[in-house]
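Please find one structure pasted underneath; my questions will follow.
Order as written gives the chain letters A, B, C, D, E and F; numbering starts at 1 within each chain.
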Amino acid sequence: MDQITVKAETLIEALPYIRDFNNKRVVVKYGGSAMLDKSLEESVIKDVALLKLVGMKPIIVHGGGKEISKWIDKVGMETHFEEGFRVTDKNTMEIAEMVLNRVNKNLVQMVEHLGVKAIGICGKDGGMLQVEKKMPNGKDIGYVGDIKSVNTEVIDTLLENDFIPIIAPIGMDDKGDTYNINADDAACAIAGGIRAEKLAFLTDVEGVCMNPKDPSTLVSVLNLIEANKLIESGVISGGMLPKVNNCIHAVNSGVGRVHILDGRREHCLLLEFFTKRGIGTAIIGDDSELYSNEK
Amino acid sequence: MDQITVKAETLIEALPYIRDFNNKRVVVKYGGSAMLDKSLEESVIKDVALLKLVGMKPIIVHGGGKEISKWIDKVGMETHFEEGFRVTDKNTMEIAEMVLNRVNKNLVQMVEHLGVKAIGICGKDGGMLQVEKKMPNGKDIGYVGDIKSVNTEVIDTLLENDFIPIIAPIGMDDKGDTYNINADDAACAIAGGIRAEKLAFLTDVEGVCMNPKDPSTLVSVLNLIEANKLIESGVISGGMLPKVNNCIHAVNSGVGRVHILDGRREHCLLLEFFTKRGIGTAIIGDDSELYSNEK
Amino acid sequence: MDQITVKAETLIEALPYIRDFNNKRVVVKYGGSAMLDKSLEESVIKDVALLKLVGMKPIIVHGGGKEISKWIDKVGMETHFEEGFRVTDKNTMEIAEMVLNRVNKNLVQMVEHLGVKAIGICGKDGGMLQVEKKMPNGKDIGYVGDIKSVNTEVIDTLLENDFIPIIAPIGMDDKGDTYNINADDAACAIAGGIRAEKLAFLTDVEGVCMNPKDPSTLVSVLNLIEANKLIESGVISGGMLPKVNNCIHAVNSGVGRVHILDGRREHCLLLEFFTKRGIGTAIIGDDSELYSNEK
Amino acid sequence: MDQITVKAETLIEALPYIRDFNNKRVVVKYGGSAMLDKSLEESVIKDVALLKLVGMKPIIVHGGGKEISKWIDKVGMETHFEEGFRVTDKNTMEIAEMVLNRVNKNLVQMVEHLGVKAIGICGKDGGMLQVEKKMPNGKDIGYVGDIKSVNTEVIDTLLENDFIPIIAPIGMDDKGDTYNINADDAACAIAGGIRAEKLAFLTDVEGVCMNPKDPSTLVSVLNLIEANKLIESGVISGGMLPKVNNCIHAVNSGVGRVHILDGRREHCLLLEFFTKRGIGTAIIGDDSELYSNEK
Amino acid sequence: MDQITVKAETLIEALPYIRDFNNKRVVVKYGGSAMLDKSLEESVIKDVALLKLVGMKPIIVHGGGKEISKWIDKVGMETHFEEGFRVTDKNTMEIAEMVLNRVNKNLVQMVEHLGVKAIGICGKDGGMLQVEKKMPNGKDIGYVGDIKSVNTEVIDTLLENDFIPIIAPIGMDDKGDTYNINADDAACAIAGGIRAEKLAFLTDVEGVCMNPKDPSTLVSVLNLIEANKLIESGVISGGMLPKVNNCIHAVNSGVGRVHILDGRREHCLLLEFFTKRGIGTAIIGDDSELYSNEK
Amino acid sequence: MDQITVKAETLIEALPYIRDFNNKRVVVKYGGSAMLDKSLEESVIKDVALLKLVGMKPIIVHGGGKEISKWIDKVGMETHFEEGFRVTDKNTMEIAEMVLNRVNKNLVQMVEHLGVKAIGICGKDGGMLQVEKKMPNGKDIGYVGDIKSVNTEVIDTLLENDFIPIIAPIGMDDKGDTYNINADDAACAIAGGIRAEKLAFLTDVEGVCMNPKDPSTLVSVLNLIEANKLIESGVISGGMLPKVNNCIHAVNSGVGRVHILDGRREHCLLLEFFTKRGIGTAIIGDDSELYSNEK
């Protein structure tokens, strides 16, 4: 097939998606390798800006764990872990908040530089993320929060006024204390809260594969029943298990489709959203009217 | 370059056009081979429907000369020509009106069948096209009209309510008589009247070529100065001359870009509008802010 | 009573109707003698234009049987009847569509010439009339359709934008084929679909008479119970029977009042709508809050 | 001509006026015989209510001189005249205000009783009529005011909310004192201030007659030039002179047409507004686009 | 505490009330001493104008009994009482209507003089107050009415357009006769009809006191249960009893809080509404969410 | 004067200001002692929240210099000064951005805790503050910026949606680099850009005093001419000089009034805005219609 024919077909293939996703809300969880490599970072930011330009309503939720660790070292503090979580005392939280807000404003700057409007917020702005202290196995690990409720007013305001909200995973409890939140959890809660059409996790794997060692066994679309079967049968396991559980949770919270994408691939968001086969794995509801092998 | 890369690049290339053309009015003059071949007809109608689906505001202006001739034969009448125009008496006009309206409603039906809303009108509806008798070299050739004014209210109403207007080139004079209008003229006048962003002529040639016998010499973009030079130097001549003159006229009437496309090529509208090089020739104003070699 | 007093009383009588009918939708089925006589045609078009000018929302549904027959003759085809219906093959349908659309655009022209906005459409525009093949006594008589559903979006759009919709009785089935529809049926279905306040049939009789040979026995208003009694007792019979059945059907479909008028009388629409006694017969629902001997 | 023909013609004649006057503001100065006779009062109120029902925006400005005199007698006070004006001291003004407001609320009650919404106000409400003391030939005659400015906000509010404003001719000066105003003057100032389409004076004469003793010499329409000529030539004189001067003043203030009507004739408003010849005299501007012998 | 501190505290205290009462409707029943003393009258009108200026929606309902009596004397009529009510024949009613409307327009004038917009209406305007004849113990005492229904459209219109409605307690029955209404009753019915947030009675006492002779025993807030207990125990008795019963009735009709204030105290409205303790007695519902000792 | 009288007078005094400042934009530059003392911080935040509650549109612009210095020490870096400015290399800027954003989100938290909506942004959000490198005496002192332009879209969006914008003084240049901005400059530029009614600087002095050592010589209001005279005469000098110059600059940029307040005084904002004398010094334009000795 010659190149001009591929172009015509790509357009014919993409246009209905562009129409269907017009004005739809799409949450992108941004983290992992795609955040550490400058060229990948630019590709992600460019994709998100393009999604906005063709009429979608993207929202970025980002992490920043590695940068936090770097600064903890810098000021000579130490990090302790308990039940797999970083113990977060007042001082650690102070540094985490400083670092995450700087990462946040950097992303704002990159989007603005492409001529697209963005505003960086955290879960304290507009009282967006109300949390309570996470107590894994009853242990107090400090200022690490579980999200109790999402107030979507700030996000709604920004989206209606054509800004891309860029969100740092920080929240506050009812006493006014500040808490760190796991970025995947924040993305799920926000996507559910705003009834997003899509939630995309940029990860360091290709998606769900029947044989994790063979990328050619990638599964393109899974409904909840299928996803649960693959968990029971052990096909989904290891590091993929919490990711898929997060997806299942998001679908159950009202998100239309949740995508596990390989953030190491340039333009992964465009290829997943605007082609029939996509490039990663989409998890959808059992009764989705959109259910098909198509993205 | 592998296919997935071509896809990603096609999307990156197309998305800014899709954004820029959002809500923009695009007149497609539909005639020639693309009207006679069933498969090409379907490709054109599908392209127009897709333009609508991704947010543009397409309008079709169609001809029907061959079908009129067929019916004139059928009822045993004869056709005379004077100064190169078909002499159109009351009876001929009656048949022309019947035939053009049927062609018109057939196109409506095809668009509706794709799930997109369309309404078929002629220049009498809403008093859209006011004409006066054309008098070539002072000769009366009957009910052939020159457009005096365009009342865009019907088109505005239909576009605002998300219908694709499909227009037969018929008008009326101030005495209430009905006239036939050249379809290219009608398309130009309408595109100018509604301040269309684009006007595309589907023709039976590839576009303007420096050497008409060598398609590889196709000129992708011409501004008015360049177009006039090519006319003076004789590069643009023969059947291409009136086409290019029409384009120049339309640009001068306020249309953003006028495209000469090869209607024999499937999806020619998509390829011209959503790729940088396009596939035909675009004529643009000298001071167009969009001026560049890109479409 | 002197003329000035009659004028004052006519105004006092008419004003409340003008108020009550403000913005109300009124379907006029236009056919019969009123369509063949040039002077009557002008009187009807003028009445409809005036109804629009004083704030009503008129819609014209027209026939064209005689003109179709004329053209079938002209091209040397023959007409066959089966079960009382014209057998309509592809060629016949082609001619019917051409003729009805021309009649349609002629009416548009007359209304426009009075300075009132009109648009001519058929049931294919905006997918307005969905039909299925009529099978009288199980016989296939070709492209004659029964209306399955009415999509009122086109009509709503035109009315909201102050156009008079003028409608040719043509529809399409789900395969995209074109069908002829009985104009009375089309008027009933459309009036029911748009919840018209009134539907007026212009006929060649004075209305329902207790003694059809004596116009002085005209019945001014009938409710459904009374109408059915007159059918049972044989007072309503012959050519009047299908007319009255159509009226009853329309009232049951939600139309406020259905009027049988003598289209041979000039300004019959104004006299029926704006005087207490009117000049024809109105059929109304049994529980109409408007029930009275007044129009 | 038979009665049914007169009816049809009356309707054909009236409908364009009804259309043209839709939403137009019409001030009716109500006084004289039409105010003293119970049956005429009902006819006027009914006409005004009908004007409202068919879409016009009527405003009533009323007098009450006879009733004021009656109450001045009742409380044993005396009336003095100076320069042709009633000398109005504090006590007289107090009674005048009480009486005019009661007349006002009575008219409100009559309109409301017909199911039409009305609100009674005077020139103090919403600061509508700002006056200064009238000083005829430099003499102080007490609380008699000349209108300095009209604040139309109250009237605009009431008209937009579909109330008929009924206005008593009372105003206040910048010190907060209350003044009586001549009702004809108030009607003129208000009609000019709200840019009324029409101002109608209900009087006790038939209109302007070339020979005041011969009603058959009534002039149907006069433009300003013609009116001034008739004044110069003495045809307009006596009690008719100030009336016509008021009309000329109103036309110069921007009122479309000013009508002198015979308030002793039932339904004079309907007959004047909705028939070509009307029944009184209309004064219009010299360059009125409506200028013709028609009303 | 020095004066600057009192100022700061007064502001801190008042600001939340100003916020809470924004756009809230407040009916002020104006009568008694506050109406007879010129300086108190100015203080009340100034308070009401300020309530409007800071965003509330005040409505004044006024009485006028003493002024009516004065005029009955003036014209030499006599007043009879039956069952404690003034017997109101046609002539008495005529005078009452004249007097109340004049009082009404005087108040309009005072408010307008402060630069705030007001309109004076009675219960006949817009058909606001529908009454039936009051028959105490079955006796006919003439044109004294009980309110049957309140049509709030006039008030709504005036409030939405930023006028202060000033209301005279006059109504009409379904035959179109005019009736006098007790001003306290009118204020209650109107406050209930428009779902007022507050209704304030300006009286000649300080409020409800546990010992009526000792102002220091003033009760600041009472809910319905407490109010009823004080009635049963006889603490509330004499002239205070009907006042409190009116308050209870108003709360039961949907008014948020009803205030009994001492109209002899300057700025009593501001002090009651914008300070925690207030200066009079507020009656509130048992389940009021606002229930507290604070105003 | 007893306390209840002071209260009534305070209310009478404050209410017109509350009305006049409704919906008006007020920028508060927050810094100095008021930022370091916990109790003063709470008083300021409470005042700002109350301004919002009574209908004003407050915006906070804050500094954070002392906290930045603390963190520079913490990570073992050193601070250099040049031409009186802190030399700001990449590392210093990184820390400044982290610290200012944390201070920013802390203020958000305090406002949200009072039940009022706030969003914390910096000049990079929505491309609000475009800067260029400051070059004092031609020396490069690093990432210290002068504001070139203010894009008010973010602030407009937040204000229209009832959020209090809280702004950190950080901007970006056209290359996408991040810069620190002097907080007083940022407050001036923003107040001018959004056409603020008021700009209030919370400082550590009482205002402009004729004799700086005697607070009783405080000047309540100064217009530009007077301010310039005091500068020329040396009355305004020392640390007060740049403050007053900033005020003059802001008034010239279109701000209505600029206030120098003593941030060490509790509720200084309320006392300045809502009392006639106020507590600090207001600088106003020479032609201010509000010019008077009153605040």
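Just so it is clear, a contact is a pair of C-beta atoms (placed from the backbone, for glycine too) under 8 Å apart; a residue touches a chain by one contact, two chains touch by 3 or more.
These are the chains along with the protein names UniProt gives them: A, B, C, D, E, F = Acetylglutamate kinase.
Not measured: the values here are computed from a predicted model.
Q: Which chains make contact with chain A (Acetylglutamate kinase) and with chain D (Acetylglutamate kinase) at once?
A: none
Q: Treat touching chains as neighbours: how many steps, at the fewest, connect chain B (Acetylglutamate kinase) to chain E (Acetylglutamate kinase)?
A: The fewest steps needed to get from chain B (Acetylglutamate kinase) to chain E (Acetylglutamate kinase) is 3.
Q: With centres defined by CA atoms only, which chain is the most remote from chain A (Acetylglutamate kinase)?
A: Comparing chain centres, D lies farthest from chain A (Acetylglutamate kinase).
Q: Report which of A-B and A-F is connected by more C-beta pairs in contact.
A: When A-F is set beside A-B, the one with more contacts is A-F.
Q: Once you find the CA centre of chain A (Acetylglutamate kinase) and the CA centre of chain C (Acetylglutamate kinase), what distance in Å lies between them?
A: 60
Q: What is the distance, in whole Å, between the centres of chain C (Acetylglutamate kinase) and chain D (Acetylglutamate kinase), each centre taken as the mean of its C-alpha atoms?
A: For chain C (Acetylglutamate kinase) versus chain D (Acetylglutamate kinase), the centre distance works out to 46 Å.
Q: Using mean CA coordinates as chain centres, what's the chain B (Acetylglutamate kinase)-chain C (Acetylglutamate kinase) distance in Å?
A: Centres of chain B (Acetylglutamate kinase) and chain C (Acetylglutamate kinase) (C-alpha means) sit 38 Å apart.
Q: For chain C (Acetylglutamate kinase), which residues are shared contacts with two or more other chains?
A: Within chain C (Acetylglutamate kinase), no residue contacts more than one other chain.
Q: What is the shape of the graph in which nodes denote protein chains and edges denote touching chain pairs (line, ring, star, complete, other)?
A: ring
Q: Can you name the residues of chain C (Acetylglutamate kinase) that touch chain B (Acetylglutamate kinase) in the complex?
A: Residues 74-75, 94, 97-99, 101-102, 104-105, 108-110, 112-113, 117-122, 124-127, 153-154, 157-158, 161, 163, 170, 172, 176, 178 of chain C (Acetylglutamate kinase) touch chain B (Acetylglutamate kinase) in their complex.
Q: Using the touch definition up top, name the residues of chain F (Acetylglutamate kinase) that touch chain E (Acetylglutamate kinase) in the complex.
A: Interface residues on chain F (Acetylglutamate kinase), with respect to chain E (Acetylglutamate kinase): 1, 3-4, 6-8, 10-12, 14-16, 18-19, 22, 50, 53-55, 266-267, 270-271, 274-275, 279.
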